[in-house]
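Below, subunit A partners subunit B and then partners subunit C, in two separate complexes.
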Partner chain A sequence: MTERIPVVENILNANDRIALDNQKRLTDAGVFCINLMASPGAGKTSLIERMLPVLSERMSIAVIDGDVASSIDADRAAAAGATAVQINTGGQCHLDATQLRHALDELELGTFDLLIVENVGNLICPASFKIGAHTSVLIASVPEGDDKPYKYPGMYHGVDALVINKTDLLPYIDFDMPYFRRGVELLNQELVSFPLSCKTGEGLDAWIRWVEERTAQAQKA
Partner chain B sequence: MHELPVTENILEISLRHAQEQQASCITDIHLVVGELSSIVDDSVQFYWDLISEGTIAQGAHLHFTRLPITLHCLNCDHHYSPQNEDFACPQCSSERVELEQGEEFYLDSIEIERETTHDEAR
Partner chain C sequence: MTERIPVVENILNANDRIALDNQKRLTDAGVFCINLMASPGAGKTSLIERMLPVLSERMSIAVIDGDVASSIDADRAAAAGATAVQINTGGQCHLDATQLRHALDELELGTFDLLIVENVGNLICPASFKIGAHTSVLIASVPEGDDKPYKYPGMYHGVDALVINKTDLLPYIDFDMPYFRRGVELLNQELVSFPLSCKTGEGLDAWIRWVEERTAQAQKA
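Presenting the complex of A and B:
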């Protein structure tokens, strides 16, 4: 005879607990951490390359790069002036809290103000796995199409800020900005967004100012 | 593809609760999955058959309860499930809506058997 036992436990509970530990560790060390997510090719690494020269003058920055394979992104971040750690997920479609914990071990956390975690390029899985960052940022790029918020609601719902990259291409492609924004705002009214172009530099100032302000706020708290 | 770590978590949670109950076997596992949670039932079942082998959960049936997305309109207070990819309120067309349900991803309950103890058998 079987007996039903109530459990009611979040399946990703173990990951969530480690994510909380990571966040506490970062907070205690005075490091503000951004989880940067996007589809492959949206411009995660390019955005980091654009931010580093400006922000490095005012703060100390580390970058953790998650990729299925290679160290191309960490190499690019290091060349742009950051202390960079590469995580190869070996096929896994997202970073999880345990992987970030190991990467944090490789950094002398107390020496940094800002940590940018470049997640694996993917619009589905990283949304489900908390890593312990203080804020989640999604980069959308206009060539991906204006329907993405409708097709990937899980990702668009969970982020705090949205960078809309490659705006220099707007004259050449069919991208209905009001339709895109409507899809974004339907799921996330609090979202702040930054249209910009890593190619031309247009719009970068506002984004960099936001990162700087958020980092300063976190360190004051 | 992250169904393998997910399935490992399901096994770990099930075994832990079964052990607390001194179960001799787990026959059924009930999972609740919101529509926004990206998980493929068949993949979980595939991994389950592999990794539960040799444990007291071997052969347990996985039951998935899918919860649809439900939204709440902050303008007119209407509660609804979106019928297509447009999440706007069907009643007042407002875009000020909040998610009420759809991100769930938890193990709700397990069904277990206990070995009949000597005393009970008598």
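Presenting the complex of A and C:
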């Protein structure tokens, strides 16, 4: 009789264990943490730039930016008023829990209410790696096309909220919203969604209110 | 004295060896092969749909579509007149040489002039995995933003041609073309580029001519 050694499972569990540690550390410090995921150019940094001026009046916010290279996103978040830490993954296509742990070491956690982690631009692997956030948010963007839920089911299945960005481009793009929404519903019936435009500002209020409410709920718990 | 065992290098080499086999098999069959890479929704399938009606009058074309899930892209390529094979990678965020080898088994290679491989929508990992194509092409799309060369240098560094799609959206988007082009030139001075719109058709002629010329050159060699 042979025994199978579950190596892959143990590797995943090592990441998940560190993710649980990260989450406990954040909870204990009273910090609500969002894992923000999207395709390259869907508007992760633009959304953060829009949120900071409004939310900074009511809470203290830190941003951790994951990118293969460059510090463009952290520079933008810092310019918009956040304490920002950049993680360069080298070639890795997602953030993992260990990278977040090291980035948390750079922050005085007790001084923040909200931490936004901007994951690497990718619709696939970030969905498979827990980092320890309290909630996961996906940004879809109108020019990406209406078939993305069908083609990237893992990502749409695993998130708690969906921002549909660049709605200002709807008049110029063939985007079948009912077809898109059917795909989303097939995968994730509980998903709360926020159509908005970071360019015009339309729809941002509802999204910012959601973040504010979730942060307040987490801090009361 | 300890010895280091280069495990990672051997794994990469296994893929590269199969990629070389794939390329020889394609060359021997007289098939020119393009590895088409891009972010999700940049327009890989739309570009193929635009190329097929024009090029099919002069050559025989097959399309292999890589996706995490669904057969949407292969269905679209088939509807546009190509012989199409879908590879579903499960969760893998790129195609590898072994997957292409299996897909090549599905095609009667000797009957085709051009094979277009539509890689998984991702700006990171597809750049690191050779599959055996003769040339690599990246599609950037205007709504993704002008900072992508700086943030995804590996992808921009490794390709032979760049399609800049969705130029019809330039009037509605803050896209600094000189800044984008500076980033591209820093990484890849030899890169030939084709600004175009799959929606309006503007700029498609030059791109289709390039594909036609490269296919003819390869078949003469």
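Criterion: the second predicted complex is superposed on the first by the 210 of 221 C-alpha atoms of A that agree within 3 Å, B and C clash if a C-alpha of one lies under 4 Å from a C-alpha of the other, contacts with A are read in each partner's own complex, and residues count from 1 in each chain.
As a convention for this text, contacts are C-beta pairs under 8 Å (C-beta built on N, C-alpha and C of every residue); 3 or more make two chains touch, one makes a residue touch a chain.
Just so you know, these numbers come straight off a predicted model, no measurement behind them.
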Which of subunit B and subunit C A:G154 touches, first, second, both or neither: both
Which superposed partner A:D168 touches (first subunit B, second subunit C, both, neither): second
A:A221 touches, of subunit B and subunit C: first, second, both or neither? neither
Subunit B versus subunit C as contact partner of A:C93, first or second or both or neither: both
Which superposed partner A:N13 touches (first subunit B, second subunit C, both, neither): first
Touched partner set for A:C125, first subunit B, second subunit C, both or neither: both
Partner chain(s) touched by A:L187 [first = subunit B, second = subunit C, both, neither]: first
Residues of subunit A that lie at the interface with subunit B and also at the interface with subunit C: 91-93, 124-125, 128, 147, 150-151, 153-154
Residues of subunit B touching subunit A in the complex: 1-2, 5-6, 9-10, 12-14, 17-18, 21, 23, 27-28, 31, 36-38, 69, 85-88, 95-97, 99, 103, 105-114
Subunit A to subunit B touching residues, read off their complex: 1-15, 91-94, 96, 124-125, 127-129, 147, 150-151, 153-154, 157, 182-183, 185-187, 189
Subunit C - residues contacting subunit A, complex: 39-41, 67-70, 72-73, 91-93, 120-125, 128, 141, 143-145, 147-148, 150-154, 166, 168-169, 172-173
